[in-house]
Amino acid sequence: MQLGWIGLGQMGLPMARNAIKAGHTLTVYNRTRSRAEELAHEGARVASQPSEAAQNDVVVTMLADDAATEEVVFGSHGVLAALQRGGAHVCMSTISVALAQRMTQAHREAGQIYISAPVFGRPEAAAARKLYVVPAGPQDVCARLQPLFDAVGQRTYYMGEEPAAANVVKLSGNFLIASMIESLAEAFALVRKYGVNPQAYLEMITTSLFNAPVYKTYGGLIVEDKYEPVGFKMALGLKDVRLALAAAEAAAVPMPVASLVRDRMLTGIALGRQDADWASVARIAAENAGL
Amino acid sequence: MQLGWIGLGQMGLPMARNAIKAGHTLTVYNRTRSRAEELAHEGARVASQPSEAAQNDVVVTMLADDAATEEVVFGSHGVLAALQRGGAHVCMSTISVALAQRMTQAHREAGQIYISAPVFGRPEAAAARKLYVVPAGPQDVCARLQPLFDAVGQRTYYMGEEPAAANVVKLSGNFLIASMIESLAEAFALVRKYGVNPQAYLEMITTSLFNAPVYKTYGGLIVEDKYEPVGFKMALGLKDVRLALAAAEAAAVPMPVASLVRDRMLTGIALGRQDADWASVARIAAENAGL
Amino acid sequence: MQLGWIGLGQMGLPMARNAIKAGHTLTVYNRTRSRAEELAHEGARVASQPSEAAQNDVVVTMLADDAATEEVVFGSHGVLAALQRGGAHVCMSTISVALAQRMTQAHREAGQIYISAPVFGRPEAAAARKLYVVPAGPQDVCARLQPLFDAVGQRTYYMGEEPAAANVVKLSGNFLIASMIESLAEAFALVRKYGVNPQAYLEMITTSLFNAPVYKTYGGLIVEDKYEPVGFKMALGLKDVRLALAAAEAAAVPMPVASLVRDRMLTGIALGRQDADWASVARIAAENAGL
Amino acid sequence: MQLGWIGLGQMGLPMARNAIKAGHTLTVYNRTRSRAEELAHEGARVASQPSEAAQNDVVVTMLADDAATEEVVFGSHGVLAALQRGGAHVCMSTISVALAQRMTQAHREAGQIYISAPVFGRPEAAAARKLYVVPAGPQDVCARLQPLFDAVGQRTYYMGEEPAAANVVKLSGNFLIASMIESLAEAFALVRKYGVNPQAYLEMITTSLFNAPVYKTYGGLIVEDKYEPVGFKMALGLKDVRLALAAAEAAAVPMPVASLVRDRMLTGIALGRQDADWASVARIAAENAGL
């Protein structure tokens, strides 16, 4: 496929690289141009503006947050103005449901197509083409985009015609991780107070009931009480929980565990730990137990 | 081994049967004698009193709760009075930390040994010898008991010299399940409100991040909104969360997610659902979202 | 004083009327002009645009929310463009801290002065000149505005040089009321379940420990389980708690009771009670207790 | 009246003294006899055993907690065995609902009458005869006891025929205070982060909406961040919230604010502050906000 690709950060760069490897032709744009140049050596064409990347049938955006996405889409030299009628904008970033809804409408009014296709996985998973891709939007368009999704991920989960549904799913997934961290944090605080060896405890739960990678990964961080190097920053974790709560509020869904996790992360940030891994909420649970 | 076995309920009966199959010699006691007679056909000797079962080197108790255990241990014709010096009482029930500590001391004062060895798994797992056994107590005694644990479970996790530690681990495990149910409940309420297909959502989370049996089991119940036949009653779930909170309070460990789950279950009970599966807290989350 | 006055709703109209009665000269603007005409009979001049009302030394805005305030201030024919250098904009509405900060900066850049002066009290209190006024901003300006505050309220509480501080105080006050309602709701659910007469209970708490008007008012509503006519709508209550939480998040302050109250109100809205009095969260507490 | 009086602690001593001053004839018992001797100078007869004090028509118990009350009532030389048929036991302590129910039944079976009559107020209020008395039990008996209640308190609130109802009311009152402290704590953390003067804030809320003594008392402690000398210890506060939650659980009443307050107090205790005033939960709220 001929693809525009906007955003070459920790996630975007390895994903774009995999798209190239899979045989797609990319025109890439990144605010910091040097990262785009890297891909030039691998066959990408480097664009000077988002609009230049958008002059393709399909343009992918993979950016840090709502603000960056809004600027690239609605700003001058932006995607919305440059994309041709019938062209598709595939937004793979973790953004708010409200922004997804706004882009859905704006692209529709411009005779274009908007697809949300957020991904699950850390940078290592992106590099290894092990992401999980969660697209939503017109089904035929998503079907045509399958080669793109296959190029960056190990499996695709289509979530229906309404693009924002995919963003809700992504945010709910991050909420599930955050709530799991908090629950583990409380469980570890409890068993440690009774003298249980944390490593033995982790071994037990992750080889019996909770035999899932996330339990092993985050449980391991909690056992070692080691939150650097950072996989996912507390400040970003809070952002995603906040976006989940905003989506929930818009639909009148009370989520008390999400509220509780948000308060924990706010405590972490108030204590100056915004740059630690979000698993460090476990340290707050331990401190509150006098550990 | 020569074993006394007290308690032949939904869990105790298949466990005792597996112990017999593994070659151990059992003297069994059950309040409702007919269940003990069943095992007589398989080679067990039937006792008329707990004290009779306790006249072995090792006596196992597998009873419903603290009250039943207290009666069998401290009551007249009870285990404590009948067990010989040096004999071991292995309590495999889910009981309070406080009772485990009380039995530890009482048996010690009587020159006996007390072991906590609670198990994870439902009756089907008990029948299939797939339980996870979590013993704690004097290490040499637990080592000698390994053939017993092997007879009823698929794996043993030793949790240290202090018997009550095993009970804390068991209660924390049930707390982790309860908190997972609540988190799933909130996530499903959210995505359903945005029109996501619940089955597709479940497929996504349980084949990517949360690829663990408990997520599949409980997620499946939530998707079908079907809480009968009952795997684990709300009233029992509340009991275990209460015991976890009591253990936490005794050690000054705040567990806000446990508190929240307790309040949910209380709501379920106030609404008359004490006999529904504890996964039905998901219905409360859905109702609170107007679903 | 010569005053512009924008906003003649349930609160704004009686406040403006009291300002006229106190001898101030008002140029009034209201989107629905008929309400402005009412005041014409009492001596006010009617403006056709916000900008016309802003052509005074001081212009007061008393509007429903952020959106209405933003339009009147930043819109075409708005306050910001029309107010003279050195003029003061006194915003008495309950708005977000973020908007107060934005107006502070915008007016400063335009050589104007911005004052936040939100009020506590319902429409009846506004009519009776019984409001509590909470101004913040440059102290000398607030001192000069004292005759205005005296015209509408019974007492003024100056909260410092930073205008947004007054908005935080206002939001925190509404949070305190909301949390009191929730606590009362839980207490009533508890005592009712034990057969206590709710009226006798209310009499007890409001003549002993909690001898304050808000406890009597809201306790009375809860005892009668009567949430109409509506004093303050659930939807508006949720808005204010949300604004308090947003201010708290911006300053990294976890407020778990506020989170909990927010979730309760979301439940109320999901159940279709957005137009009931916010005291009806007590009905949710009662329902959750099976009452 | 001829009264037996058991318990001369911080509350019991001034209450008993006021009973003597009001003309009642007391036989007093206290575990530490020296405190009883104090009252001998004021006309009381000193008993050597609870049973001796119970040899009156009416015996009052005013003890620290459930354990002390149980010992005095059910122990050897206890009230239950010594009180004559038709005699009344008036328990004024803050005890569990479960114990009140147990005593109700035990006294009934012994042909005696049990009355719960807990009080609101600190030791100073007890000395000044300013307590609020909350009796429940057979109405005619409570009516006959009015001279006793008048001797120790400023007002009596009868709560019905079921004694335990009075205990529920007492516990719910302490819950309301605890939740008020937590709400104030969060409000203060918020406004302080925005530079509001805490003293000015307290003046504002306690002269407008929350013009009640408890807000002034506890708000003042929070403003000064001074939790010594101690009015009511954190550990005792936690005990009462725990008893409220236990009563609520027995009646299937979820009380999420009570759960939250309990977790805060547990944190305080984990941090070694069990002997500080319970208002020091405000310090936790401040610390969690980075203050």
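Should a chain be cited, it is by its letter among A, B, C and D, assigned in written order, with residues numbered from 1 in that chain.
In this section, a contact is a pair of C-beta atoms (placed from the backbone, for glycine too) under 8 Å apart; a residue touches a chain by one contact, two chains touch by 3 or more.
Quantities reported herein were computed from a predicted structural model and do not represent experimental measurements.
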Reference chain A; chain at largest CA-centroid distance: D
Result of counting contacting C-beta pairs for A-D and C-D, higher pair: C-D
Whole-Å separation of chain centres (CA-atom averages), chain B against chain D: 38
Whole-Å gap separating chain C and chain D, where each centre is the average of the chain's CA atoms: 38
Centroid distance [mean C-alpha coordinates] between chain D and chain A, Å: 53
Per-residue overlap in chain C, given as positions that touch at least 2 other chains: 248, 252-256, 260, 266-267, 270, 288-290
Chain B partner contacts - residues on chain D that touch it in the complex: 242, 248-249, 252-256, 259-260, 262-264, 266-267, 269-270
Chain B-touching residues of chain A, taken from the complex the two chains share: 97, 120, 132, 134, 155, 157-160, 162, 164-165, 168-169, 172-173, 175-177, 179-180, 182-184, 186-187, 189-191, 193-197, 200-201, 203-205, 207-215, 244, 247-248, 251-258, 260, 285, 288-290
Chain B residues within the chain C interface of the complex: 256, 266-267, 270-272, 288-290
